[in-house]
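Quick one: the structure is below, and I'll ask about it shortly.
Which chain is which? They are A, B and C, in the order written, and residues in each are numbered from 1.
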Amino acid sequence: MAGLTPNTSPNRENPFKASWTNRLIIAAIIGYLFYSLSALGLTFERLVIGFSESERLLSRMFPPNFSRSGLLFSGLLESLQIAIISSLFGIVISLFLGLMAARNMMPAIVSTPVRGFIALCRSFHPVIIAILFVKAVGFGALAGILTLVFASIGFIAKLFAEAIEEISLKSVEAIRATGASFACVILYAVLPQVFTRFIGFASYQLDSNLRNSTMVGIVGAGGLGGTLFSAFQRFDYDFVSAILITIIALILVGEFLSNIVRRVF
Amino acid sequence: MTTAHINNKSHVENIPQVGNMSHIDKEWQRFTSSERIARFAIYLCFVSAIVWSWQTVEVIPEFLYDAPAQFADMFERMMPLDYAFYPESIHEAMVETLNIATLGTLFTLIFAIPLALLNAPNITPNKTLNWIAQVFLVSSRSVNSLVWALLFIALFGPGLLAGIMAIAIRSIGFVGKLLAEALAEVNAGPIEALRATGASWMSILLKGYWPQVMPAFYSIVLFRWDINVRESAVLGLVGAGGIGVILNDAQNLFEWQKVAMVLVSIFTVVIVAEAVVIHIRNKII
Amino acid sequence: MAVASYDGIKINNLYHEYVAGKPILKGINIDIDKPGIIAIIGPSGTGKSTLLRCINRLNNPSKGEIIFEGADLTQLKGKALRKQRRHIGMVFQEYNLVERLTVIENVLSGRLGYMTAWNAWRRNYAQEDLNKAFELLDFVGLSEFTNQRADSLSGGQRQRVGIARAIMQDPYILLADEPTSSLDPKTAVEIMELMETFAQQKNIPVLINMHDVNLAKRYAKRIIGMCNGKVHYDGSPEGITEEDLKVIYGGESWLD
């Protein structure tokens, strides 16, 4: 080891010194845990009681009871209908709204209110929107469809607008220079750059709508959610498990199909 | 790439003039045959699904036309907001909701981190374990937090605990999946170096993986916390505690002014939470 | 294929400022009425690009006139502007192709000024447009890349596609904004050759911004030297002297 002089400088910092900020954060979190758990009355006892209850619950849930298949099936179909129709409208509307919300394509007087609207759609949980629509248009699938259209807009239009804002404007300029109309410019220069991402968002939202359509029924907006909720309230746990299995199967099939769509486009 | 057409200036006359070539109509197709068949098949499926749904869904069109009037009526009833309601009931319930979201997010880490470790192929090479972890992650995501809430209410009775557990279990899939992806994308170099020094498995995790996934980890947790704040707000609708309970009671009694106040409060809290998350993320990243 | 008219372009007293009070173009007067390559040279920032972009209104001039086909381009708006843009082809320094589309789609985008949005979306090109596009691709030597994505091509190949796109418009004038600045010397010469060929065949003026004075002298029939937002020299390539170049570019060291 010739040539290596030992380092005698006393000022070398320990490279693995623990950061005080990290320690403070961890301490704060632990403190919060202790405080909140006690303040909210969540003791270990309750947890244990709960878990012993779970044995009883599970035994009542299995085997799943598919005998009320008529009810199950109609709820399933309604959820599907809600998901499909709301995705259709949601996707098409988002295509236009997302374009209008892109600040590099539209003047601020158009893009700002549209962005505001999209933000509004995103801010509320679909269930809350569902409650409002149920009050406005009554129980049933219509409320569910309207709810999910707005939920879809909040998601797809926002991401689509962001994708458009990230494109290279150089090709747009070149197409404009050929004398193409605004619509042609959008279709030929903007869309090819963002289309794959749009398909990704759309298929994600279709999947998400499928999940949500099974949930908005809990507040009366149609679909399996309603069936599920009433089964819970009647303590029909074996029917509950049947419904849950159907929901999970539906979602898995939906995911599978959306992967195929994404690959083709 | 041929440059045969591009000749020296002096041979300009010999270059074939564009437009003097014989007019054989050339064909052009945008997609190959197999692509077209696939696209057509998908279009067909979509259109039939849409047509079927449209025709069979039970919707009364009159209700749709009536909707704007109904909305106007509802907004009228909501004004003016019942501001006094806030200190009365909303504030406490809001705090409860935030606690549900935070505790739920913290608890989810207990399950999500091990599952993510099991699911990441570079940490756990065993394919069966990867797959088992994947099953847990997917199932947790497939069921809505509302449905989990219903289940946990059946277990723990209505109240906070059910809400916290619902949030925790639902978030496992989200956090676990994103964390596993972040772990899988880790740069193998430093890990190999650590392994070469003979470091223990735990040390490699803490000093090799953790520094690399740390920004992604905080980002994912904050993102999920933000979503959980929204989710926690509605869990009360089925009885799992938080502001949702207040909302449910108010709307069952048709007290629209109170409902409006609750909605505004939820909206404000969600916006503030998002702002906080964005602020912290900018600090970290 | 119609021979383009060369009533040409008259630029009168053109001013342009990006920032109020600091004009980039300070009264440009140019008369273009003959076909052939016209090279515009000058240091960076002197307004060469701005001048070209004012012609097809990618930039809006602050003052002045641009008379083309009997109309003042600076006053046109909307549909009328688009109609005139169809007759002005432009080639860009960074090619500005739509990367995700195929080469043939990029070439055919030159006809977008004549297509409806529906046809553009469905790619319903007129058969004669298709024929012409194939011919053009053949001519520039890119037939084998017809259905490949534009971003899989090299720089020189992309510029050929850019030129083909501009020629596809059957323009009355071709503008080229530093078309060779991103290319290696050999490819730059090939591109210049291509543009000269088209200038001759189509009988149109071709305005090219360039940095390379030697390349300009070699191919241009007329050189316009700009400096400080004004035209300093406007004449044949033989007539430009070292004194002129010194004034235009400032300093001598680069002349050796």
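We take it that contacts are C-beta pairs under 8 Å (C-beta built on N, C-alpha and C of every residue); 3 or more make two chains touch, one makes a residue touch a chain.
Quick caveat: nothing in here was measured; it's all calculated off a predicted structure.
A.B. asks: So which chains count as neighbours of both chain B and chain C?
C.D. replies: Both-contact set = A.
A.B. asks: Looking only at C-beta pairs that count as contacts, which pair of chains has more of them, A-C or A-B?
C.D. replies: Between the two chain pairs, A-B has more contacting C-beta pairs.
A.B. asks: Whole-Å distance, chain A centre to chain C centre, using C-alpha means?
C.D. replies: Comparing mean C-alpha positions, chain C is 48 Å from chain A.
A.B. asks: When the centre of a chain is set as the mean of its C-alpha atoms, what distance in Å lies between chain A and chain B?
C.D. replies: 4
A.B. asks: Using the touch definition up top, name the residues of chain C that touch chain B in the complex.
C.D. replies: 1, 104, 123, 125, 127, 130-132, 134-136, 138-142, 144, 157, 167, 190, 193-194, 196-197, 200-201
A.B. asks: Flag every residue of chain B that touches chain A in the complex, lowest number first.
C.D. replies: Interface residues on the chain B side: 35, 38-39, 42, 49-50, 52-54, 56-60, 63-64, 66-67, 70-71, 74, 96, 99, 102-103, 106, 138-139, 142-144, 146-147, 150-152, 154-156, 160-161, 164-165, 207, 230-231, 233-234, 237-238, 247, 251, 263, 266-267, 270-271.
A.B. asks: Over in the complex, which chain A residues touch chain C? Could you list them?
C.D. replies: Going through chain A, the ones touching chain C are 168, 170-171, 173-181, 183-185, 187-189, 192-193, 195.
A.B. asks: State the interface residues of chain B toward chain C in the complex, per the touch definition above.
C.D. replies: It is residues 1-7, 9, 12, 15-19, 21, 23-28, 30 of chain B that touch chain C.
A.B. asks: What residues of chain A sit close enough to touch chain B in their complex?
C.D. replies: For this pair, the touching residues of chain A are 16, 29, 32-33, 36-37, 40-42, 46-47, 49-51, 53-54, 57, 77-78, 80-82, 84-85, 88, 123-125, 127-128, 131-133, 135-138, 140-142, 145-146, 211-212, 214-215, 218-219, 225, 228-229, 232, 237, 244, 247-248, 251-252, 260-261, 264-265.
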